[in-house]
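Shared between the two complexes below is subunit A, which has subunit B as its partner in the first and subunit C in the second.
Right, the complex of A and B next:
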C-alpha cells in the first residue's frame, strides 16, 4: 500500500493519470494502514502464536506445533463448551427467526407509516443500548428476588429458578439479537413488491399458503442474512453468558478471555479464538448452502 | 381468515415481541427509582438517591468519564481517517478499491473478543519490544475504539457521498478552486448530515463497546461497560439501575438526534 503510493508519486507517469490515481491512495492510505496495524496484523500474529507451545514457567515458547488444537479436540471440557455454545446459539437464532418474522412482516405490509416508524425506533434503540445494560435489565427480571419470581409468587405459583440457567442465557440472547433479525428481514421484505401476494390472494390462496409459497421463498435471502448475523453474534456473545449463565456456565467467548488474560496461555487462547471463528464460519456457510439447495428443490 | 382477524394476530405477535425487547429496559429504568434498600418488587417508595450514590462510586464515575472521553476522541480519529478514505472510495476509481472498502469495514465483521484478544497480544509484544506500557493505557484503548468506530464512519459517509451531487464540485473545479477549497466549501457541506450521523454513531458504538475493551482496560482506566459487568458479577442493586438509566437516556438522545441527519432505517 505505502510502496504503491510512493511509486505513484515518484514514477514519471503522465500528469493526467497521476492526478487520478495518487490522491485516492493518499486519502485511503491512513485508514487502511490503521486497520492493517490494528486488526489484520494482530490477527496474523495471534494465528502464528496458536502454533506456539505453552510452558507454565516461561508462558510461551516459540514452536510450530498443532498441540493447542489437538488439546482442544482431546479435552472433553472444551468440547462441551463448544457444543454448549453451538447449541445455545442455534436455539437462540431459531427463536429469533420465529419471533422476528411476524414483526418484520407486520411492519412492512400491515402497519401504517406512523406505526411503522415508531416500531422501528422501539426496535433499533435497544439494539444500541449496550449488552451490559440490556443484560442487567434481564437480571432485574430473572433474579431470585426479581420481578418474575415476585409476580409468580403473587399469583400463587411456585417460582421457577431461571437465573444462572441456560434458559436465562437463551432468553437474554434472544432479546439482544431480535432487533438484528427484525431489521434484516424487514429491509429485504421492503424490496419485494406486494403484487405477487395480491395476485395469489385474488386467486384464492389463504394467508398461510401465501406466506409459504410466495413470501418466505422471496424473503429467503433476508431470512438467511438475519439468521447468519444472529448466529455469529451469539456464538461470540460475552456479557449474556457471563452474567445470566453464572460462573458454572461456559461459552467460548468468555473462555477465550479467560485463557488470554487470566491463565496467560496465549497459544491455547489463540487456538480457541480461531476454532471459534472457523466453526462459526463453517456452520453458517454449510447451513446457507443446505437451505438454498433444499429451497431450490422445494420451489420446483 | 378475514383481514381484520389476520391483522389482529400480527398486531398481538408484534406487540409481544416488541415488549420482550423494550420492557426489560423500561423495568430497569423504573427500578432505578425504588426506595427499597435491596432491589425487590414492588417498590416501597421512590427516591432519586441511587443516582447520587452511583455518581459517588469511583468505578462508575471514572468509568463514565473514561467512556465519554474515549468515545469523543475515538470519534474524532475515526472521522479524520474515515472521511478521506470514503472520499477515495466514492470519488476515485482506483485498482483495489473493493479490497480497501472490505478492509475498512472488516473491524465490524471480526468478532470483538477475537479482535480484542489479538490487539491485546500485539500490544504486550510491543511493550516487550520497546519496553513501554501500551495495553493498559489510554493509547491502546483509543486505538481499539477508533478501530470499531471506523467502519460505521466509512459506511455512513460513503453512503452520503454517493448520494451527493457531483456536478457542483466539477463546477467549482472548472472555476479554478483548489481540491482543498472544493472539499471544504462544496463537498463537506453537501455531506454534512452524513458526517454528523457518522460522528454520533461512532460515539455510540465506542461508548457501548464491551468485548474489545475487556482486554485493554487497566487500573484506573476502566470504561463504563466494563465497570458495569464487573459490578454485576457480584451485585445487583438500584445503583446499577441508575447507571443503566443514565446510559439509556444519553444513547437514546444521541440516536434520536442522529435520526434527523441520517434515517436510522437506512443505517442498517
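Right, the complex of A and C next:
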C-alpha cells in the first residue's frame, strides 16, 4: 500500500492511464471478438479447406496440397472466368464513375437543398430493396419479349438481344453500384469549399479548368473510395451475372458457389474464393497506391 | 435504488419483476406442451412445396398436432447444410426431400440413417422394384422424354438418337440443371448404357455442333422458350411436359426408343435428426394413397405407390405403360456420384459456353 502511494506520488500518470485504457479495451472487445469469430474464423477454415483434396466418393479429404491452386493456374477456363470478372468489374466501375460524378457534382453545387434531399432519397431508394429483386426487374426489361424489345418494335426498330449477354450484366451491375459511387463522391464534394472554385474562376480559369485543376484533385479520395467500393462489389457479384448473364456466362462468384454447392468440391471452391479475394486485393491496393502517388504529385 | 418513474425500487422487487417476466416468456412453452412436437422438413420451395403442404403436411401431419418447420431451398444448399452439420452432435433437419441420386451421395457421406419401415405402414404399397435403398422413401418419379411443339413438329424424333440431326438446328432447348441426365442420355445412343458417359460426352459435343441447342438456366426459362417458339423441342421430365401442356402450351410427349432416363424423388432421414420418430410419421403421410393420387394429379409425376387412387385416365396420362416402365433407365447412382462433379465442370467448359 505504501509503495503504491509512493509511486503515485512520484508519477501520478500511469494509474490514470490504466483506468483510461481498460474501459476502452472493454468496449472494443465485443466487436473485436465478433469480427474474429464471425469473419476471420470462417475465412481461416476456408483457407485450410483450400489445401484439402477432393475425392468424388468421399468429397473432401484432409490433406496439405496445392493441387487446387495449380488446377486454376493450369486451366485456361478458370483463367478466362477470372479475366471476364476483372474486365466486367473494371468496365462497370468506370461507367459508374463517369455517370456518378456529374450527378454527385450536380447535387452538391447546383441543386437547392430541397432538391438535394429529394435526389439523395431517389438515389438510395433502390438500395432499400434486394439486389436479386432489382435484377429480376432488369430481366423483365431486357428479356427477348421484354419492355425494351416491345418499345423498340413500337418505334419500328429491330430488337437488340441483350438478355443473357455481357452487356446485360454490365447494365445490371452499373444500376446496382451507381448509388454507392454517387453517395461516396457526394460526401467528399460536400467538403470542398465553393470559395476555392470561385477563387480559381476569379483568377481567369474557365469551368473545365476549375474541374480539372481544383475539384478533381480535391475529390480524388472520394473518387478512389467510390471506385474501390464499386470494383470490389462487382468482383464479388453473384445475382446479377447469374440472372442477367445466363448459363453460358461465367464470373468468379457464381463459379465459387457452383463448386461448393453443385459439384460439392469445397477445396477447389475455397481455392477459387481465395484467388478471387487475392486478385481483388492486389488490384485494389495497386490502384490505390498509383492514384495516391498521383494525388501527392498534384498536391505539390 | 430510486427510480424516477416508479419511485423506490428494491432489489427484491426487481428480482420479483424479472421472475414474472421470465414466466411470461415461458408461457408459450406451456401452451405447446399439448403439441406432439416439431418436425423440421427440408424441401424445395415453389409449387413443389405448395403441393406437399396442401396434400401431405396440412391434412396428414399438422392435423395430428405435429408442428412443421420448413427449411426451403435448392438441393445444393440443402445438401451442403447436411454435410456441414455432420460434425454436430445434433442436427437441425428431420426430413430431407431429395432425388435418389442425391440421396445416394448423402448416404455415401454417412449422414443418413436407415428408414424403419415397420414404422411406415404405407411402405407396403410401394412396388418392390422401387424399394431399392433402405435409407430412401421413394415418392414421385418421372423420366427424361422428348417434349415437342405438336403444331410445329409434325414428325418428332422417336428416340434420343434422332435428335442428332442438323434438321433440328436451333430448335432444341436444354436446361443447365439436367446436365447429368444429358450426359447419361447421350451414353445410351447406339445401344449404350447409362454408364457409357465418356462416349456420351463426345456425342454431346457432336449434338452441339450439329444442332446448337439453346441452354436455359432453369426449367421455367425452357418452358417460356417453348411457349414463345424460341425452341420447338425440349429434353426434360415427362411430368414437366405434361404440366406445361396443362398450362396451355401446344406440347406433346414422345417416349424415347432407348427408354427414358428415370428420376425418382423422395425423402431421407438425416442421421442426427432431432425427431426421428416424427420423421417416420411424416414418411407414412407422404405415402398415403389419397395424398399420392392428389399429388400425381397436381404435379403429373407418377406415384411410387401402387395403390394410389388414380383414375384410369389419369394413370394412362401420367404413368408410364408397362413397356415404358420396363425400358426406364435408372441411373447407376455410384457411377453418377463418382462423376457428377467432373460432368458439371465438363458441361460448363464445353456445352454451357
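Basically, the second predicted complex is superposed on the first by the 255 of 300 C-alpha atoms of A that agree within 3 Å, B and C clash if a C-alpha of one lies under 4 Å from a C-alpha of the other, contacts with A are read in each partner's own complex, and residues count from 1 in each chain.
In the analysis below, a contact is a pair of C-beta atoms (placed from the backbone, for glycine too) under 8 Å apart; a residue touches a chain by one contact, two chains touch by 3 or more.
Note that this is a predicted model, so its numbers are computed, not measured.
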item	value
When subunit B and subunit C are modelled together on subunit A, clash or fit	clash
Dominant toucher of subunit A (residue count), subunit B or subunit C	B
Contacts of A:242 with subunit B and subunit C, given as first, second, both or neither	both
Subunit B versus subunit C as contact partner of A:265, first or second or both or neither	second
First (subunit B), second (subunit C), both or neither touched by A:133	first
First, second, both or neither for A:145, with subunit B first and subunit C second	both
Touched partner set for A:250, first subunit B, second subunit C, both or neither	second
First (subunit B), second (subunit C), both or neither touched by A:114	neither
Touching partner for A:77 - first (subunit B), second (subunit C), both, neither	second
Which of subunit B and subunit C A:56 touches, first, second, both or neither	second
Overlapping contact positions on subunit A, where the subunit C interface meets the subunit B interface	145, 242, 260-261
Subunit C residues within the subunit A interface of the complex	74, 76-77, 79-80, 83, 105, 108-109, 176, 215-217, 228, 230, 337-342, 344-345, 348-349, 352-353
Residues of subunit A defined as touching subunit B within the complex	20-21, 23-28, 30-32, 34-36, 38-43, 45-46, 49, 99-100, 102-103, 105-107, 110, 117, 119-126, 128-141, 143, 145-147, 150-151, 174-175, 178-179, 182-184, 187, 206-207, 232, 235-236, 238-239, 242-243, 253, 256-257, 260-261, 266, 269-270, 273-274, 276-277, 280
Of all residues in subunit A, those that touch subunit C in their complex	54, 56-59, 77, 144-145, 242, 246-248, 250, 258, 260-265
Residues on subunit B engaged by subunit A in the complex (per definition of touch)	1, 6-7, 10-11, 13-14, 17-18, 20-22, 24-25, 27-28, 31, 38-42, 81-82, 84-85, 87-89, 91-92, 94, 97, 100, 103-104, 106-107, 110-115, 117-122, 125, 143-144, 146-147, 150, 154, 179, 204-205, 207-208, 210-211, 214-215, 225, 228-229, 232-233, 236, 240-241, 244, 247-248, 251-252, 255-256, 259, 264-265, 268
